[in-house]
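Below are two complexes that have chain A in common, paired first with chain B and then with chain C.
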Partner chain A sequence: MSLGGLGRPALVAAFFLMALAVGFSLWGALRRKNAAAEAGRRALTAGAGFVGVAGLALVSALFAHDFSLEYVTNYSSRALSRGYTMAALWGGMEGSLLFWTVLLTLFAALALRRPGGTTSMRGWATVVLSGISLFFLLLLLFPANPFRVLADVPADGNGLNPLLQSPGMLIHPPLLYTGFVAFSVPFAFGMAALATKRLDGNWLKQTRRWTLFAWSALSIGIVLGGAWAYTELGWGGYWAWDPVENASFMPWLTATAYLHSVVIQEKRGMFKVWNLSLILATYVLAVFGTFLTRSGILSSIHTFTEGPIGRWFLPFLAAMLIGGLAMIASRLDALKSKNSFDSLLSRESAFLANNVLFLAAAFAVLWGTIYPILMEAVSGVRVAVGPPFFNSVFIPIGLALIGLTGLGPLIAWRRMNKKAFFRMVRVPLIAGAVAVVAPAAAGVRSTGALIAFALCAFTFTAIIGEFVRGSRVHRSREQLGWASALGRALMRNRRRYGGYVVHLGVVLIVLGFAGSAFRVERSAHLAQGQAMQVGDYTLRYERLTRGDTPEKQIFQANISASRGGEVVETLEPQRNLHKVQQQFQSEVAIATGPVEDLYVVVTAIDPDGAASVRAFVNPLTWWIWMGAALMAVGMSVLLSERPARPAPAPAPAPVRRPAVAAR
Partner chain B sequence: MKHLSVALFLMLAIAAPAIAAPEDMANDIAAEIMSPYCPGVTLHDCPSAEADQLRARITGWAEAGWSKARIMAQLESEFGSTIRATPTPEGGGLTAWALPLLAVLLGSLLAALLARRWTEASDGERQLGATATAADAVTMTAEDRRRLDAELGVLRSGG
Partner chain C sequence: MQPAPASADPKRRAKFWIGGGVILLSLVALVGWAMGRPNSTSFFYTPSEIVELPATAGSEEYRVNGKVVPDTVQRDGLRTSFDISDGATALAVTTEQPLPDAFWTAMANGSSEVEVVARGRYDGAAFQASEVLAKCPSKFKAKAA
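Let's look at the complex of A and B:
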């Protein structure tokens, strides 16, 4: 039975509750009325409950095949498997906005559930979070209503886009949305800190876990998006600088800058304006990403749905950006911090350089993404800005960042003399040099790849050196073995060593990227029994097998891969006809390993069984996924750190009551 | 250290790419042009059958000995200049390239200036502090220094 009928009433109820939440919490914050602020928080929690009901209503309608709902008809079908029926929730614009709102209200309710901080701080955070929720509920009630009812109910639906029918799609979009949405919590508390003038580091401490959680989800979501592209799209790569990929990458860059620069505020009380600006930029970019994805402003293979929500988003984005900047500007005096560096050769300088590079990278990606729109608006001519532009601009910045990742931990806080510095960098430098000389001597001729190898080796060695130094202390002090000492160091300072584990993961990812310089790609049209050469492999198209499921007709090519006359792999790429959409879709076959991936895709199959085959040898790609897994381990260590307790709130200042109230 | 840097630099400089096979050149070109058949996607990444055919034509031109410039010119004459995946660095297209570069340069310059100013401010304070505390200065024995290093090591490792 479908609960689809409950959806819209639940959204209407949630809308009114959110409006009440804004009103009560604003009153509570302005007048420091605890009861009003608490009423606002409860209204927000109740609103979250109703949004949850609406989400369940749509899920129920999808599983019950309630084709009276336009959304269910457009994005699901009876033949769709249960997993992909669930994925239909975020497969279209209306559903994905509902999913976004479910997450937003849930996170808001969770973040505000514990009484802590001052009344006005919580009140303002509730105002911001319920205000954002109100905007998304407006979208769901008017231009992006997922519960629109059809006059003529079809017997079956149109199904989900075959490209979205991939296991990665079950996790990738939810993680990206989780990341985007969870940044609303530090954003809201940052704005609340501005509104209340409580501009010490407490709001950072209160939201640190939310920031880490959001960043972790976004990071893993981005990598899973790359994995989805790699295994599903069939062009042999994982990142195409597609505007939608860029939309997720831009807030990741600013958030990463923020995660690093808050350390300076916590340790030295500096960068207060900078940190607030970064969290504002991160959240605005996260919403901007949704605007790009869902407004249809950019043509992209990811923009599966186009809707009339652009004109709603633009004023919202403008209000957030201008409002946020105005709030920061109005508190500049209170945000003044005593900036002093003891030495240019210090960890603080490294963090500053790190922030400059992250911001420059974010700007370059933003500029490249919006440049075609701006040019079209100004000159009427649409120009393309594709991967070669982004690679040229981003790769040098990215490589510099990898170098800094290794350099940072080697430099002491406050100051370091040059002699000690050279002593620290000596071993990593030797490792970097070896990483250039050995491949060059072996015949590697890609300058970019050699630089990347050198920086990866430098940074990897520098970080391992930090683990060794940390473990050595526990080893000598507590008479432990190396493994126990390493574990002790990791658990005693999770923030520091968890961060290093994340950095090691990033190094492995960059190593995987560098491997793409050696990619070999070949295409051929093969009859059964014919062979082609790619790299060291001979691929023989042995036979074609046909299959049939309720969803698709399957055409599977059996391809043997041999090297040195010996069969080393058998690959089975498919070219399938999805019945509902009458659309062909290729399924890639990959033999993966630490040295290289052999990647085969069939792009066409003739009636006589001959196949068009694209084959790639992708060196080191495996390390990208291993690096991401290591990053996830590091993130878990970071998130397992006990949350810092915010400093107690100062006694409330007497409220100046207006004359009328005093009477 | 200096010799090592020079040797590495030379090694990187002479690491010139080998001459590309025609198919590799065709793949490079496909990655540098937008697909006329898939909006917003390069020809290399476009999965359509028409894209397959165009890639095969480019490979054919490369195998016939056409230079990269000639193939690009041929593609532009067929599909227009918007087929290029990057703005040309002239006229309005120059801003596409110049702005990110300017952002890096100005950002770095600003950061360097700020870091210098903050360091000078700190130096000034330290000089004042040094005058005030010179009388309290203590000499550290080798044993004290060893103990201090050990304690600092424990602190650094989080113990």
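Let's look at the complex of A and C:
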């Protein structure tokens, strides 16, 4: 039985509860009334419960094939498998916004689960979180109602777009949303810190795990999106700089900057305004991304104001941005740094450089994404910004960042004498030089790739050096073997070494990106039995195999790949016709490995069986996924750290964590 | 809270502003340089606008968007040709690149509402596309509803 009928009443109830939460918590915070603040917090929790009911109602309607709901009809069908029926929850605009709101209110309730008095930041955080929730509930009640009822109930639904029917689509969107939405918590606490003038590092500590969690989810979500594009879309790449991708990448860039600059505030009491601005930027960009992907602005720059959602989002975005900036400006006096830079060669300046580079990247991506909109608004000329722009700006910035990833941890806090510095960088520099000379001698001529190899080798060696030094301390002090000493170091200072593991993952990913400089692409129209050449491989189209399942008609090309006269792979790309949607869908075949991927896709099939075959050799792409897996390991180490207890009173001085390796 | 003595040092402050200025300028320069790279940005035209362009300007890539005219789609091996229209003018488009699945799906279903964006060059007679993007039909459905 479908619970779809419960959805709308639950949303209405949640809306009123959330309105109460805003009212009570605001009253409590302004008048310092504990009882009112607590009432606000409880109203928010109850509201979250009702939003959860609405979410369950839509899921139940999807699984019960309740086609009286327009949303269920539009995005699911009886033939859809269970997993993809679940994916239909975020397959359409209304459902995805409901899912967003479910996560938002859930995270808000969790972050505020302990009662807090009005003098604490929790009161103001409740105001912010319930305010944001109220806006999304407004969207769900009016322009994006997922529970709209159809007058004529169809026998079956339209089904989910086959492109979205991929395992990646089951986890990619929820992870992205989780990432976007979880940034609400540090954002709300940052704003609360401004409102209460408790501007020490306390709010950072309280929200550290939320920040890490949000950032991890967003990172993995973005990589999975790339993996989905690579394995499903059939153009041989994983990142196209299209606005949807940029929408998720921009908040990731500012969030990564934030994640790093927070360290400075915690250790040295600097960068306070900067941190608040970064979390504001991250959250505004996350909401902007949500808006961008739903406004219709994407498919054509002309539909900007036509989408029903755009008109609602823009004032909300403007209010957040202006409100946030005004809050920061009004507290500028209290935000003065306790310390300043001592020396140019210091960890602080390395962090500053990191931040500048990440922000520059975010700005460049934002510029490229909104330039067409600006141009059309200002001059009426329609332009498009393509991948060459993004690659040109991003590759230099990215390379500088990867070098800095290795350099930063080698530099001491405050100041460092040059001799000590050169001693630290000697081995990594040699590794970097080898990584240029060896491939250059082997005939590699791409300057960009050689620079990337050098920097990857430099940073990789530098990080390994950190691990070696860290475990050496435990080895000599506690008489441990290398492996257990390494484990001890990792577990004792998870924040530091977990971060290094993430960095190692990033190095591998950059290595994978560098491989795209050597990518080879060929297309050919082949009759059965004919062959084509791509890179070192000869691809022979042996025959076409036809098949039929209840869901789709299958056309499978059997292709053998040989190198030096020897068959090394057989590939079976398909081109299928999905029956419900009457939609063609190519299924890519990839023979993957650490050296290179052989990637084959059939783009058209003639009635006589001749096929258009598009083939790629993608060197080193495999390392991107491995690097992402390693990043995930590092993130788990970081997240496994016990949360810091919030200090009862404003901490007088930044607490220094005990460093394993004393410098 | 006591302002740090160092930040009051005018020399340091000057250094900070100069450093910040240099960074900002380099970013602007980088973005400017990237915008000028070949095919970083391309003008977006309608079929009516593009047929007015001189064919000699063919070295630059443009984008053109319009609805595919039904029954004009022909494929021979890798080469596909079809007409797109903005309601006033029809423009012949040819491409050697594979077309998106959404395009063929819409064609097989006899849809007359397929909008494409083609990137490429206009040679005075036809638009030679190096890339063709099609709007996803499911998005239309959701939008029309």
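One rule holds for everything that comes next: the second predicted complex is superposed on the first by the 633 of 663 C-alpha atoms of A that agree within 3 Å, B and C clash if a C-alpha of one lies under 4 Å from a C-alpha of the other, contacts with A are read in each partner's own complex, and residues count from 1 in each chain.
Keep this in mind: a contact is a pair of C-beta atoms (placed from the backbone, for glycine too) under 8 Å apart; a residue touches a chain by one contact, two chains touch by 3 or more.
Quick caveat, the model's predicted, so the values are computed rather than measured.
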Fit or clash between chain C and chain B when superposed on chain A:
clash
Tell me which partner touches more residues of chain A in the superposed arrangement, chain B or chain C.
B
Between chain B (first) and chain C (second), which, if any, makes contact with A:93: first, second, both or neither?
second
Touch test for A:371: chain B only (first), chain C only (second), both, or neither?
both
Once chain A of both complexes is superposed, is A:385 in touch with chain B (first), chain C (second), both, or neither?
both
Quick one: classify A:523 as touching chain B (first), chain C (second), both or neither.
both
Could you look at A:70 and tell me whether it touches chain B, chain C, both or neither (first, second, both, neither)?
second
Between chain B and chain C, whom does A:337 touch in the aligned arrangement: first, second, both, or neither?
second
Contacts for A:569 in the overlay, against chain B (first) and chain C (second): which applies, first, second, both or neither?
neither
Considering only touches as defined above, state whether A:437 meets chain B (first), chain C (second), both or neither.
first
Could you say whether A:641 touches chain B, chain C, both of them, or neither, answering first, second, both or neither?
neither
Can you list the residues of chain A that touch chain B in one structure and chain C in the other?
234, 299-301, 339-342, 356, 360, 363-364, 367, 371, 381-386, 388-389, 392-393, 397, 523, 586, 603-604, 612
Which of the residues in chain A come into contact with chain C in the complex?
70, 74-75, 92-93, 158, 161, 163, 234, 296, 299-301, 334, 336-342, 356, 360, 363-364, 367, 371-372, 381-386, 388-390, 392-393, 396-397, 523-525, 581-586, 601, 603-604, 610, 612, 614
Give every residue of chain B touching chain A within the complex, in rising order.
1, 4, 7-8, 11-13, 15-18, 23-24, 27, 31-32, 34, 38-42, 44-47, 49, 52, 55-56, 59, 82-87, 92-93, 96-97, 99-101, 103-104, 107-108, 110-111, 114-116, 118-119, 121-122, 125-126, 153-154, 156-159
Considering the complex alone, what residue numbers of chain C touch chain A?
1-4, 6-7, 12, 23, 27, 30-31, 33-35, 37-45, 63, 65, 75, 77-78, 96-99, 101-102, 104-105, 108-109, 115, 117, 119, 135-139, 141-143, 145
Contact residues on chain A for chain B in the complex?
233-235, 237, 240, 242-243, 298-301, 339-344, 349, 352-353, 355-357, 359-360, 363-364, 367-368, 371, 375, 378-379, 381-389, 392-393, 397, 422, 429, 433, 436-437, 440, 444-447, 450-451, 454, 469-474, 477, 488-489, 492-493, 496-497, 520-523, 586, 603-604, 612
